[in-house]
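Per-chain numbering from 1; labels A, B, C and D assigned in written order.
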Amino acid sequence: MSNVFIAFQANEESRPLVDAIVADNPEAQVVYSPGLVKIDAPNRLVVKRETIEEIIGRKYDLQELQINLVTLSGNLDEDDDEFVLSWKH
Amino acid sequence: MDKRVEKKKLDLSSRYQALTQDLQWDTSYQSMDKVFPYARYEGIRINDWSQWQDPFKMTLDVWWRQQSEKDRRLYAVLDAFAQNNGQIGVSDARYVNAVKLVLQAFAPMKYALHRSLAHSARNLPGDAARIAAQIQATEQLRHSQLTVHAASVYNKYFNGMHAAPRWHEQAWYLAPVKSFADDIASAGPFELMVAISFGFETLLSDTLYVPFMSAAAHNGDLSMVPAGFSSQSDVTRHKQAGTAMVKFLLQQDSLNIATVQRWVDKWFWRSFRLMPLVAMLQDYMVPKRVGSWKESWNTFVEAPINALFAELAPYGLKKPAGWQAACAAKDHLSHQSWNAFYGYGHAIAFHTWVPGNDELAWLDSKYPNSFDRWYRPRLTHYAQLEAAGKRFHNHSLPMQCQVCQQPMMFTEPGDGRWISYRETRHEEESFHFCSDQCQTIFSNEPDKYVQAQLASHTILHSNSNNTPEDALQASIAALGVVIGRDNGEFHGSEDDTNFTEWGGGQDMKEAQL
Amino acid sequence: MSVSAIGAYTYAPHDTADRFAAPLLYVAWDEHMMFAAPAVVPIAMDTTMADVQAKVLAALYSAHPDFERIQWTRVQWFCGDRMFTPQPNATLADHGFKHKSVLRFRTPGLEGLRRSCG
Amino acid sequence: MSSIDLQAKEIKPARNTFTHVAKHIGGDKPATRYQEATLGLQPTQNFHYRPTWDPQHEIYDASRSAIKLADWYVLKDPRQYYYANWTITRARQHEAVEANYSFVDSRGLLSRMTDDVRESACKVLMPLRHVAWAGNMNNTFICAYGYGTAITAACNFHAMDHLGIAQYLTRFGLAADDPSILDAGKNDWLNDPRWQVLRRLVEDTLVMKDPMEMFVAQNLALDGLLYPLIYGSFVDEHLTLKGGTAVAMLTSFMPEWHDECARWVDAVVKACAAESDENKQIVTGWIQAWADRVQAGLAPVAEIALGEHGQEALAEVRTAFNARVAKIGITL
C-alpha cells in the first residue's frame, strides 16, 4: 500500500477543496506547512465536484482546482464529476 | 435541422477528443520520413500513436482561461511585493542568496527545457504527444520568465543576480545545470521527453518547487513563492504526461524496454546530480527552516517513487540503477555541497556563511547520523578562522566529474569518509567520474561526453592565456562577477550592510528577542 | 556502445594533453574534505616527488591544521588506486603518472578536523 | 526608533535592470517585463555537446538561417508578449468568442442560416483546420531552431495560436454540423483536386530547414494571403451578405488575431531586411517566391469560396499584400 497525495496553495479558495476531500476520504491526512496544504491518503483519493458545490453553494468546474494546485502523486483519472488519484499496485 | 440547436454539451473527454483529433494527416507530396526526420534514429518503435493518451485533456481555450487566471493573480502579487518594498521584509538578507541560486541555475535551465521540448513538439510523429509536448514547452518558458520577473525586484537591491544568464552559460559551479540542459537539448525527441517529463519532473522536481517554496513563504518571500508553486502546478500535468509517455513507449514494443530503462537510469541520475544545489538551498540557505532536505527526500521522492515503480514493474521497468546510491546520499548531500560552496565562496556569484549556533543545532537534530560525525567540525573550524579574521578560501581548481560536472566532492554511498572515484580509459585518455552511474552514462555514449567542456580544464587550456594565482576566481571575474560584492562571505557584505541599514528583517530579530 | 545520432557523431576528446602548457594532475588528500574536491594542477611530469611534496602539496594544503603534523615517512601514496612508495628524486613520470592521473596521499593517524575527515 | 527615522530611511536601488537587458536597451534604465523576460535569455556559447539530430550545428546556432543579424534581439515583438500577457490577452479574446457563441446559440442564428451558406462555410473552413495544424508545426519549428528568444518565444506563442485556431475551426464545424463534417473536410483536404495545390505547398513548408524562410513562407506569405481572403472576402463580405453573420461571429477570433499578428510579422521581416542588402535580397526572394506559390495554391480555394468572383477577390488580396510588403520596404 502506498500513499497518494495532493497539495494546494494554502489560501481561502483551497479550504472548501480540503474540506470536501476530508469529507469524501475518511482516511485522508491533512498536513499544513507555510503556504502549503498537503493531503495524503492510502492508495486512493477522490475529489468530488458535488461535495465542493455543496460546501461553496455554487456550481464548480473541477478544472478550477488547477488554479491552486501545487503538486500531486498517483495516477490521475479525471472526468466532469470526479478527480481521482490512485495507485493500482 | 434543429438537431444542431439541441446538441448536448460534450463531456470533458469527448470535447478534448473532438477538438484535437485528426488534425494531422499522412503527407503525400512530401514523405512522412522527411516531415518527421528524427522519428527513427533513436531506435524507438511505435506501432500505434493513437494509443497515446494525454491524461489532462486540455483544449487551448481551457488552458488560456486557466493559465490567465493563475497569472493575473500571480502578477498582482509580484506588483504588490515590489510596490511595498517586499524585498526588505524577508527574514534575513542571507535568504536572498537562495533567490540568486534559483535565478542563476534554474531559470535558465527551464528556458533550455522550453526550447528542447519545442524540438519534441515538432518532431514526435504522434499528434497528441506533440500537443502535450508543446504545452509543456510553452509552460517551461512561462516558468523561466516568471522566475526572472519574481527575482527582478531583488536584482534592483541585491548583488549576485545582474548577469545570471551569462553565469549560467559559463560559470564552473553552474556547469552541472548547463551540461544537463545541453545534454537534453542534444538528445532526440523521444529521449528528451523521457528526460524532462519523467527523469526530472516526475522523479525529482517536487523537491525544488514544493518544500523549498514552502520555506520561502516562511521567510517572507512573497515574490518567489507564488511563482514556484504556480510553476509546479503546471508540472503536475507534465508529470502525468511523462508517466503516460513512459508507459506508452514500454507498451508499444518490447524492444523499447531496454532503451527506456537506460534513459530512466541516465536521467534519474543526471537529475539527481542537480540535487546538491537544491539540498543546500533547503538546509543552509533559508534562515527560517520548515523541514530538512532529508525529510523532503523521504516525502517527495522516496515514497512516491517506490509507489510509482511498483506500478511500472508490470511494464518491465525497474527502479533507476542509481536509486540505492541516491537514497544513501540523503544524509550527506546538502552538507557536502555547502562545504564546497563555502570553500569556493570567492569564486561563485552568491554569498556563503557558516550557520549560526542555533542552525547548527537544527542541522544536528535533522541529521543525527551524519552531521555531528562528519560535517559540524568543518563548519566550526570555518567559524573559528573567520572570527580570527582568516576566513577559509579553497584556492584550488576543483576536479570535476566528466559527466555531471559536479566537483568530485561526493563520498561513497552511505559513507562520509572516502571520496568516490571512478576512472575509465577511452581512446588512450583517462576520464574520471564521481559515481558508478556517471561512469556508466559515459561508457554508453563516450562520443557525447568526451566533448564536455569542463571548466577546471578549459581554464588551463594553453590558449586561455590565463594562469593567475587563483584561476577559478579569475574565470568568474571574467564573467562580470564583481569579486567581494557579488560573492564571498555574507557577513559584512554590501547585501548584509544595506539590509541592516534599510531596517530589513525586523520581524525576525523581534521574534528572536 | 556508440551514440545514436542522425549522422556521423565522433569527436576528439576536449582535454587531451596537447591542449595544455603542462599535463594535468589531480591531487587529493584523503580524509581531508575541508578541501571539498581533488585539485587540478598543471605540472610537468618530470617534477620530482620531493618537489611535489614541498611545493605542490604545501601550496594546496598548508592551511589545514593537520598539515604541519604530517609525518611524511608514514604517508601512504596512491597513483589512482595503485599504492606506491615514492623516491624523492624520482619524477612523477617515473612513478607512472601521466596526463589526468590522480595522486592521492593518506596520512594515517591524521583524519581531519576532530577526526571528521574534514 | 522614532517615526521620523523610519520615514527618513532611504532605500535606493543599486541598479534598474539586469546587465544583459541593459546592453540591449541602451544602458541601465528601468526595463519592461517583456524586456526582462526576453532579451539575452538564450545561451549563445559554451555548448557542451553537439545535437545528435544535427551534428553539423551547435544546439542554438544562428547559421541555421541564411539571414545574418549582428544582434538577433532586433527581432522584437511590438506586442511585447511574454507568457503572462500573451495568455491573458488570448483568454480575454476567448471570452469574446464564448459571448458570441452564447449569442448565436440563444438566438438560434446558426439554424436560421440557409443550408447553402452553412455548407459553403464548412466546405471552405474545415480543410483549413489542417492548414492551421501545419502553421502550428512550422512555428514550433522556428521556436526550436530559430535564434534568440525574441523570435523563438514569439513563435512559440504563435504556434499555440495556430493550434487554438484549428480548435476554433473544429468547434465551428461541430456547432454547424455533425462531427462527420470534420472527416468530410479532411477528405477534401486530402483528395479534392481543388485543395491539392495548397496542400502541396503546405507540405513543402513542413520540410524546410531555414527557420527564417519558414517564418516568411508561413507567417507572412501563407497567412498574409489566406486570412484576408478567407475571413475578409469570404466570411465577412460574401457570407454575411448571404445571411451568414453567425459564421463571422463564430470565427471573429481569426481576423482579429491576424491583424494583431501582422504587425509583429511585419516588424520581424522589416528588421531582417533592414540589416543589410544581402538580407534584403534574400527576404525579397523568399516573399516573392512564396507569395506567388500561395496565390496559386489559393486560386482554386477562392473559387470554392467565392465562385466566379474568386479570382478577382484573390487578386485584390494580393494587391493589398504587395502594398503591405511595400510598407516594410520590400518591393515585389
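We adopt the following convention: a residue touches a chain if its C-beta (ideal position, glycine included) is under 8 Å from a C-beta of that chain, and two chains touch if they have at least 3 such contacts.
Predicted model, so just to flag it, every value in this text is computed and none were measured.
Student: Select, from C-D and B-C, the pair of chains that is joined by more C-beta pairs in contact.
Tutor: B-C
Student: Taking each chain's centre as the mean of its C-alpha atoms, give the chain farthest from chain A.
Tutor: Ranked by distance of C-alpha centres from chain A, the top chain is C.
Student: Can you identify the chain nearest the overall CA centroid, using each chain's own CA centroid?
Tutor: Here the chain at the core of the arrangement is B.
Student: Mind checking the centre-to-centre distance between chain C and chain D? Centres are C-alpha means, answer in whole Å.
Tutor: 58
Student: If you average the CA atoms of chain A and of chain C, how far apart do the two points sit, in angstrom?
Tutor: Comparing mean C-alpha positions, chain C is 55 Å from chain A.
Student: Calculate how many whole Å lie between the centre of chain B and the centre of chain C, each centre taken as the average of the chain's C-alpha atoms.
Tutor: Going by mean C-alpha positions, chain B sits 31 Å from chain C.
Student: How big is the gap, in whole Å, between where the Cα atoms of chain A centre and where those of chain D centre?
Tutor: Computed value for the inter-centroid distance: 39 Å.
Student: When you check chain D against every other chain, which residues touch at least two of them?
Tutor: Where chain D meets two or more other chains at a single residue, that happens at 50, 52-53.
Student: What are the residues of chain C that contact at least two other chains?
Tutor: 3-6, 9, 11, in rising order.
Student: At least two other chains touched by the same residue of chain A: list those residues.
Tutor: Correct list: empty.
Student: Determine which chains touch and list them pairwise.
Tutor: Touch list across chains, by label: A-B, B-C, B-D, C-D.
Student: Residue numbers of chain B touching chain A in their complex, please.
Tutor: Touch list, chain B to chain A: 11-13, 55-58, 62, 66, 69-70, 73, 206, 209-211, 213-218, 225-226, 229, 232-233, 235-236, 240, 243, 290-291, 300, 303-304, 306-308, 310-311, 313-314.
Student: State the interface residues of chain A toward chain B in the complex, per the touch definition above.
Tutor: These residues of chain A touch chain B: 2-5, 7, 9, 33-36, 63-64, 66-80, 87-89.
Student: Which of the residues in chain C end up touching chain D in this complex?
Tutor: 3-9, 11
Student: Report the residues of chain D in contact with chain B in the complex, numbered from low to high.
Tutor: Going by the criterion above, the answer is residues 6, 9, 11, 13-20, 33, 36-37, 40-53, 59-60, 82-84, 87-88, 90-92, 94, 97-98, 105, 108, 110-111, 115, 129-130, 132-133, 136-137, 140-141, 143-145, 149, 152-153, 156-157, 159-160, 163-164, 166-167, 170-171, 174-177, 179, 182-183, 186, 189-190, 199-200, 203-204, 206-207.
Student: Sort out for me which residues of chain B touch chain D in the complex.
Tutor: It comes out as residues 1-2, 4-5, 7, 10, 18-20, 22-25, 27-30, 34-35, 38, 41, 59-61, 64-65, 67-69, 71-72, 74-75, 85, 88, 108, 111-112, 114-115, 118-119, 121-123, 127, 130-131, 134-135, 137-138, 141-142, 144-146, 148-149, 152, 155-159, 161-166, 168-170, 178-179, 182-183, 185-189, 448-449, 451-453, 480, 498, 501-503.
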